[in-house]
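Notes follow the structure.
Labels A, B, C, D and E are assigned to the chains in the order they are written; within every chain, residues are numbered from 1.
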Amino acid sequence: MHVATVIGSVWATQKDPSLQGLRFLVVRPFTTDGKESAETMIAADPIGAGIGERVLVVHGRAARHVIGHGHDIGFQTAIAGIIDRMDLADGRVIGPHVDFDSEQD
Amino acid sequence: MHVATVIGSVWATQKDPSLQGLRFLVVRPFTTDGKESAETMIAADPIGAGIGERVLVVHGRAARHVIGHGHDIGFQTAIAGIIDRMDLADGRVIGPHVDFDSEQD
Amino acid sequence: MHVATVIGSVWATQKDPSLQGLRFLVVRPFTTDGKESAETMIAADPIGAGIGERVLVVHGRAARHVIGHGHDIGFQTAIAGIIDRMDLADGRVIGPHVDFDSEQD
Amino acid sequence: MHVATVIGSVWATQKDPSLQGLRFLVVRPFTTDGKESAETMIAADPIGAGIGERVLVVHGRAARHVIGHGHDIGFQTAIAGIIDRMDLADGRVIGPHVDFDSEQD
Amino acid sequence: MHVATVIGSVWATQKDPSLQGLRFLVVRPFTTDGKESAETMIAADPIGAGIGERVLVVHGRAARHVIGHGHDIGFQTAIAGIIDRMDLADGRVIGPHVDFDSEQD
């Protein structure tokens, strides 16, 4: 499971029927060195996360459980939560949105 | 699940019987920094994507569902859709084909 | 399975119901060259590990077993143990906490 | 699923009984930038591929299907086919063997 | 499946009960360019490999099969064999131990 930042949305009309009605967000894995990863993933979003929010991303069976459409579906990455806060040992506090990071008081 | 660009086609006569009749495309993962990844994947394509198109790529059980030949088959990567559009927080609009990217108006 | 170092904690109120009541830690994969990986993972922690401790991290079915809530749950990474000691062929002894590494006597 | 090049063979007498009688090849993932990946995988080969040949490599359940010894076996990577040809959008034609690559006419 | 080199041992008293009685080795993936990967994995070892030996490492269902304790266990990486020899197309012969590599005669 990863923490990732929501960096966009994606739409697709021509797709597997099991993808109908799902909302897909573009997410970028969180990295501790502040350098933005060039890698992105597409996650189904049953929770309603917004651009810039920090989310918990799961894959495979866990993702299918979170979506709740059973195990015969054509995708395997989903958002399982929106973080309130992530405290790191180096003193940083990573907030629920890219604009709310700070140092621990 | 990833967004990838279709960059080629592959044919194989000598292969597992469960691969018979399937169309295989070469896809390259989309990266946000514009640098082309050297990594490629081969995806079964039940949707009919073309060279240069941006597709949703799934793996494992999700891929087997999209292909629809049951779970006793010799491959595990498939194209689940062709994107219409991907809006990124940095203002870019990634189109359905490499030639149609633009900035958000 | 990996050895990783616990580098933080994460909280999320808005999440899949199956994540309720679980403690989530931020872990960083151990690397032999001493350079800190920028990559992090979020692991459910049924064992009670602390910041700086070196833990065994498992994924997928193994993680679900360690958590013990059955296989219908929305996550797939967990802490399966806290190491006592890791002896490396180059003479290093990696301790249970980042502060206790040493050379073999 | 990946295209890879066969770069060697491996033998092991001391191994899990379910590996008995299988032929193992060393394969290297194909990369589009021509730089050889340092990473290798070991794949069971029921098809009879030779050194230098370009093969389709599958993992997990797909690999077990291709080998055909059921799902209680101690390995998860296999060769599912030998490519005839891979046409890339940049004009290159990747042949069935490292010695037969060319440009599209 | 990968070839890896055994570079250490790890012990953990505080761990999931299903890990009791298992021997855990630290392994480093074999790379063809001779540069040591900084990445390590922990593998359960039912075969009895020693430091410096070159082993076949499997994951997930394959690993559970090799360990032989059923599928309700808290780990997913195991040693499935110790290689006798790996012949590479570039003429190198990779031996069963780091000290026994040579060129093909």
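Simple rule for what comes next: a contact is a pair of C-beta atoms (placed from the backbone, for glycine too) under 8 Å apart; a residue touches a chain by one contact, two chains touch by 3 or more.
By chain, with names taken from UniProt: A, B, C, D, E = Carbon dioxide concentrating mechanism protein CcmL.
The structure presented is a predicted model; accordingly, all values stated were derived computationally and were not measured.
*Asks:* Would you pick out the chains that touch chain B and also touch chain C?
*Replies:* The common neighbours are A.
*Asks:* Express in whole angstrom the distance between the two chain centres, defined as the mean CA positions of chain A and chain E.
*Replies:* The separation of the two C-alpha centroids amounts to 33 Å.
*Asks:* Return the distance between the CA-based centres of chain B and chain D, expressed in whole Å.
*Replies:* 20
*Asks:* What are the residue numbers in chain A that touch two or more other chains?
*Replies:* In chain A, residues 60 touch at least two other chains, as defined above.
*Asks:* Quick one: ring order starting at chain D, direction chain E?
*Replies:* Loop order (chain D start, chain E next): D, E, C, A, B.
*Asks:* State the interface residues of chain E toward chain D in the complex, per the touch definition above.
*Replies:* The touching residues are 1-3, 29-33, 35, 47, 56, 58-63, 65-66, 78, 80-90.
*Asks:* Considering the complex alone, what residue numbers of chain B touch chain D?
*Replies:* Result: residues 6-16, 18-19, 24, 26, 28, 36, 38-44, 51-52, 60, 64, 71-77 of chain B touch chain D.
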